[in-house]
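For reference, chains read A, B, C, D and E in written order, and residue numbers begin at 1 within each chain.
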Amino acid sequence: MDAILLQILNGFDKGSAYALIALGLTLIFGTLGVVNFAHGALFMLGAFCAVAVNKLLSLDIVTLSETQTTAWGTPLEIRTPYAEVWFGEIGSVLVDYSVPLSILVAIPVMLIIGVVMERGLIKHFYKRPHAEQILVTFGLAIVLQEIIKAWFGANPIPQPAPGSLRGMIDFGAAVGFEAGSVVYPLWRLVYFLFAFVIIGAVFAFLQFTTLGMVIRAGMADRETVGLLGIDIDKRFTLVFGIAAVVAGLAGVMYTPILSPDYHLGMDFLVLSFVVVVVGGMGSLSGAVLAGFLLGILQSFASMNEIKQVIPGIDQIIIYLVAVVVLLARPRGLLGRKGVMES
Amino acid sequence: ASYTNEPKGSTVTFGFNVPQTGAYADEGADELRAYELAVEHLNGEGDGGMMGTFSSKALKGNGVLGKKVVYVTGDTQTKSDAARASARRMIEADGAIMVTGGSSSGVAVAVQGLCQEVGVIFMAGLTHSNDTTGKDRKANGFRHFFNAYMSGAALAPVLKSNYGSDRKAYHLTADYTWGWTQEESIAAATEALGWETVNKVRTPLGAGDFSQYITPVLNSGADVLILNHYGRDMVNSLTQAVQFGLRDKQVNGKNFEIVVPLYSRLMAQGAGKNVNGIFGSTNWHWSLQDEASQAFVKSFGQKYGFPPSQAAHTCYSQAILYADACERAGTFNPCGVVEALEDFEFDGLGNGPTLYRGADHQCFKDVLVVKGKENPSSQFDLLEVVEVVPVANVTYAPDHPMFAGGDLGSCNAGV
Amino acid sequence: MAILSVRNVNKNFGGLAALADVNLKVEEGMVHAIIGPNGAGKSTLLNCFVGRLDPDTGSVDFDGTSLLGLKPHEINQAGISRVFQTPEIFGELTLVENVMISAFAKRDGAFKLNGWREVWRAQDIHGLAMETLSDLGLAGFSLNNAGQLSRGDKRRLELAMCLVQKPKLLLLDEPTAGMARADTNRTISLLKEIAGRGITMIVIEHDMHVVFSLADRISVLSQGTIIAEDLPEKIKGNPRVQEAYLGGAHL
Amino acid sequence: MIEKTSPRADRILLLAFVAAVLLGPILLAPFGAGYPDLLQKFAIFGIFAIGFNILFGLTGYLSFGHAAFLGVGSYAAVWSFKLLSMNVVPAVIFAVIVAGLFSAVIGYISLRRSGIYFSILTLAFAQMSYNLAYSVLTPITNGETGLQITLGDPRVLDSVSNDGGLPVTNLFGLAMNQTWETALLGMTLHFNAGFYFCALLLIAAFYISMRIFRSPFGMMLRAVKSNQNRMSYTGLNIRPYMLSAFMISGMYAGLAGGLLAATDPLAGAERMQWTASGEVVLMTILGGAGTLIGPVLGAGIIKYAENVFSSFNDQILAGFFDFLPDSLASALVWAASAFVGDGWQLTLGIIFMVIVTFLPGGLMEGVNRIRKWHEQRQRGNDLSSCSAKPAE
Amino acid sequence: MSPSAASATIGAKEASDPAYVSVRGIHAYYNESYIVQGVSFDIREGEIVALLGRNGAGKTSTLRTLARVDNPALRQGEIWLDQKPLHQMKAFEAAQSGIGLVPEDRRIISGLTVEENLQLAQIAPPKGWSIERVYELFPRLAERRRQDGVTMSGGEQQMLAIARALVRDVKLLLLDEPYEGLAPVIVQEIEKTLQQIKGLSMTTIIVEQNAIAALNLADRAIILDMGQIVFDGTATEVLENAELRQEYLAI
């Protein structure tokens, strides 16, 4: 029982990540109709915002040691972080909290990246065939990825969660289990809550504002919306910016769970498309639902009891579920008619 | 020509086939640095590095057999197909006389097979699977790096002395060839100590988040977690295992422990503080104090400003060993080289006296057991060597069951 | 003999009864017009004949066999062709290709793995297509992409695609909507000529000039039910029709 | 004239294609691409892309799982080498048949949906195949390492006993790795048996695709892309048309996979990964989806970048800039090295973006523009005397 | 050049007041096909102009050019509306400056209900009638307010398309075949509505195949052929000129 509860928690956690990525993607893909193969790269860029902030905060003052030398004979470099030199105690707290602090940096940075990307490139591709959108965004993803690789290398770069959020909490005791039977890392619960807040905020923004309606209309027929006096381009840019921010924040907060490297985005890319499509094109709630569904099923499929019955099921469960859902429901879980069906 | 790509002019071409993209790109970059250094030394430039300490004195610093060494490079992408395509380019278009490098066993086996077919020598880079010199061994292929069996054999006594002989181990294993041989080797070695294996769970390659595999460990009754992962998988599974509090746990009245059978410094860097106090094995480490290792670190450090990784070390050694074999054989003919390398005994390349065993083309030398360092003095100083396990303890018979089923065949000189 | 007979057809959309107990018999060789106010259910009824919609209850028989449950292509192969209210054509293909596809479908059936002999070798089909196009005054554009046509021309192209199949029953949903007067007149004479060849037609039209020039019989649909069915002259005089539909329009 | 293209233009195109392919080893040598492995890859991926284009270019159905058929073809061929004979003919036939059957099954299911839903279904099947091939199916696929021939294989039809070396693939005795080399203008030309085997099949594949494009069947496929609704009301059953197209392109992929194994007897699981499926999509779009030649060009560019750009290292770059003063040369080497060697993917990414941004419709669009411009200039010259009267 | 200056140089056609709408030599292309070939005309405030011509004459293209949509592309010429240079604007800016196009294929937005379609039209300024007032004019729409706009019958969609223009405060209304596909009663209703609008003296260009109906409404008629103006005069002039009617309108 506790094993199952733990897997449910794992599922929610994975689901939060999938849902957040899919949420951003579905804004661009399910709503604007652009097949954005650079979405994974946006997630990756978000993660590297955290890396960069951490790097900046722990920038060192280098002094050369007079006594010690390196193994190859040059004087040893002694490094002390600026933050500590300047702010002392507070400095090291800043370094410790670099991941959550990065959110403040990631929001404007990702917004700018999103807007620049849309204005500079994507804008010209709304009316182009999906295939060409794939080519250009895939090209962009590779370029972004290679730039990150050139700066930060190919190796994963660890980003610890703040010390106070690093521990475990006894989740089982809270829900009436034996104390100590279901303990769960605090940061993962933080991630789950964070996802919840972001998803709620995006929903509120798009569902309860007329902007949502305008966006939907613009996607169905840009020209007519323009004829009604609405500057749809501006709104599309905004949506793109929001999507980039959502992807970026998902990336920032994920770094303590998964040490980021330049390839991180590609690993999530295919998965996020699957999530969006299983959720149903054009449906935000579908994407979120599918994210959690796939997360939970994936966790369960990895249990030894199940793997023993069906070997390898944990490796294909996502795709298997995708096939079953798409065959049973032509438009995914909550898809709208006519979106990207031809 | 009497053999494939027989060098006709004043130069001889080596093929350096390393991962330049994908998860192991950093390893690949380090391998390439080492190769470039080796070429310098072979051609008599620079300080000569380990050529000075190497027990064979056949190399004269004027290239190989009087021909200047030049090289071509390629990207394996850590994919068998791409690695073979790249190797074929070197052989067919660039006239490479040998191919070396790589950073995964799959690639090593695939490229080794190719080299056997076309008749050039393959000097493996990073490859740790038993199969490379086991069931997939080839006459034209040679491995300097150690293997999974050796990791197990070297680690077991250290684990026993630190963690006792009454332990319950839980394995998480990367679900592909290398992972399986690693799991088999370490399980056998620990079971021989009296440890019990609670469970062996396969995880998909590149799973990213391993939480769904880690939570079952929590209440499984196991008190040791063995991570048969490498590279990114290892970085992630280790980080997450620590995150799930495994290291703070008490099970069966003992401290819960984590073991990573195969370590590398680059991985340790990726896992950060999480490696503190965790045991594993490695082929070589730059903090070794023997004369050869010191010479290599000095040479490499001066050129690049940081110490070499084990990947760099093994690749450098392979290049030197190959050149030396040619020199001693007096020919680049692969069959001559094979003969010169088989059962070749040498010293002065960093792991003490070493044998290139003729029966399977595997090097036998001391293996290092290392531990994540508590208080690193620099970003490179992440592992400390706790024990240098003598070669005798890790040697096995060529027909050991974990290596059985292979056949070197005969050397192929092509054409 | 009735070639098409519709009995007790009902169709609901949510709470809306789009068709309520519709009965209709279309005699072979006749031009049968269906008129009625917007939203009366005319297109819905037509959709029930061609497999686009399945009626909730009732039956639709064509030439003695039931059409219910058949797929659109099977219904077409049975001899029913249709012109849509908003033109449906192959926009990226040339006009002549549009018509040839239709002709191939007639000759080769619903599927033929005809992947080796080039299209240009099928001179007979090509000739037929060109003939039909010139019948409709489109021959001059035969190599243009159909998507670039003006709307009136698209509709004529669609008509050509139906006619080339020489269907037993031709369903026309507002065939002259958006056509210039001259073309409307030409289309009327063309359709008359087709009717003369014995092709049965069901025509939905709001243009009374067209309806009364063509129809042998008229059914009037209003709010999902047939409120009148009779000869054209009788319909003109029917007060219910006057009120529900014509509203005193000059004919 | 029925179509905008004339039979004569097609014949010229075909002849030019044949000539270019057969002279490949000579034409490509100056670009450093004239060695057997890359020539074979051009031909093989050309076949793959041509087949993909029959599905995607004509019907607009974007399969994101075509690599699965390539992989299955490779496995089938290697198994044929292991069990039957090292002769490439049975291997290739076997590969095509197995891939055809596999695509029939996947196509039958996936074609129940269209648009993005179809793409994801094909992707899901291919990823399942890949993941299983990598792990659970190792007894059949030999996992990560890939399926290779070994000395211990049964090979029931091959009486040839081997002398300890691995046997080589052959066409009734003609070894696929047989290469004749000659020197021309300081370049070495490689005429390789394996390449010519692939090249003949490439030409056949091209010719078949040309016939399909021009046939009523091809026209029906374009109709599917244009308006499915109209199509079914015209009496045409879309499913069998789509399934045939899907299977044909699956068999092309199987042929390509079989040839990969025939020229280099190894079948790796990563051949089935989504990145491999994505690659053929990129090849087709880059060259120009729906054009006859485009996909072959696209395949060429991507394979060229992968194999040649990646091989440039500082040593080679320094050679290029030799003639410049030292400081300038080393600055250029530094700048250029970001785009080649381990930066080759950066170059590829930039190529993708530039081509698709400036040449919607892919490379063939560029070719067409050049041709149009040329024609206009010529017409301008011809008609300069009499007043031009544009035809209506 | 200011509009007054423009018309001043053209001559003394509209002697005293500057034209409210002034179209000066517009040329528009679909890619390379040259469709609108130098069309110029002026319209006074409150005037209703019927734009007539055969299928493919370029009527729709002219209206679309005035509304500044991307296709066809305006390559040359000027369009002034109430002193504002529409030729320098994008479609949405032109719409905000008072252009309202009711397109021939209605362009109801799928996925949005009837009411949402109307709300959408009210988002950008300038705001016109209230939605309630529109519902009074078209009770049919009120009934269907929650229905997905595109599932409505053809006639209902046409009403919605006109309604969408009415909820905006349109200075120049462009109607592309507003009667097409409508039952005679509805045509009469819409004619009535348009007469009302005429009473509000809203400037209007109406394209209609039913030339008689259009001319009943219009003050003036322009006839297009092959993308050029072949006639510009009063409605009565057209009705009286049999030759003109025969040649271009077939009535």
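Note that in this section a contact is a pair of C-beta atoms (placed from the backbone, for glycine too) under 8 Å apart; a residue touches a chain by one contact, two chains touch by 3 or more.
From a predicted model like this one, the values you see are computed outputs, not experimental measurements.
Enquirer: Can you name the chains that touch chain A as well as chain C?
Expert: D, E
Enquirer: Just tell me the minimum hop count from chain C to chain D, counting one hop per pair of touching chains.
Expert: The distance in steps between these two chains is 1.
Enquirer: Considering only chains that satisfy the touch condition with chain B, which of them also satisfy it with chain C?
Expert: D
Enquirer: Given the two chain pairs A-E and B-D, which is bridged by the higher number of C-beta pairs in contact?
Expert: Answer by contact count: B-D.
Enquirer: Averaging over Cα atoms per chain, report the distance between chain A and chain D in Å.
Expert: 34
Enquirer: Rounded to a whole Å, what is the gap between the Cα centroids of chain B and chain E?
Expert: A distance of 77 Å separates the two centres.
Enquirer: Approximately how many whole Å separate the CA-defined centres of chain D and chain E?
Expert: 52
Enquirer: Tell me, which residues of chain D touch at least two other chains?
Expert: 131, 134-135, 345
Enquirer: Can you work out from the touch definition every pair of chains that touches here?
Expert: Pairs satisfying the touch definition: A-B, A-D, A-E, B-D, C-D, C-E.
Enquirer: Quick one: which bits of chain C touch chain D in the complex? Just the residue numbers, please.
Expert: Going through chain C, the ones touching chain D are 50, 71-73, 76-77, 81-82, 84, 88-94, 96-97, 100-102, 104-106, 108-120, 122, 126, 143, 161, 165.
Enquirer: Going by the contact rule at the top, pick out the chain B residues touching chain A in the complex.
Expert: Going through chain B, the ones touching chain A are 22-26, 29, 175, 199, 201-204, 206, 208-209, 211-213, 215-216, 218-219, 232, 235-236, 239-240, 243-245, 248, 266-267, 269-274, 286-287, 294, 297-302, 305, 307, 378.
Enquirer: Enumerate the contact residues on chain B facing chain D in the complex.
Expert: Those in contact with chain D are residues 20-21, 25, 28-29, 32, 70-75, 79-82, 84-86, 88-90, 92-94, 104-106, 109-110, 113-114, 116-118, 131, 136, 175-178, 202, 204-205, 407, 409-410, 412.
Enquirer: In their shared complex, at which residues does chain D touch chain C?
Expert: Listed in rising order, the residues of chain D that touch chain C are 1-4, 7, 211-212, 214-220, 222-223, 225-227, 229-238, 240-241, 244, 248.
Enquirer: Which residues of chain C touch chain E in the complex?
Expert: Listed in rising order, the residues are 13, 35-40, 43, 85-86, 148-153, 174, 177-185, 206, 208, 244-249.
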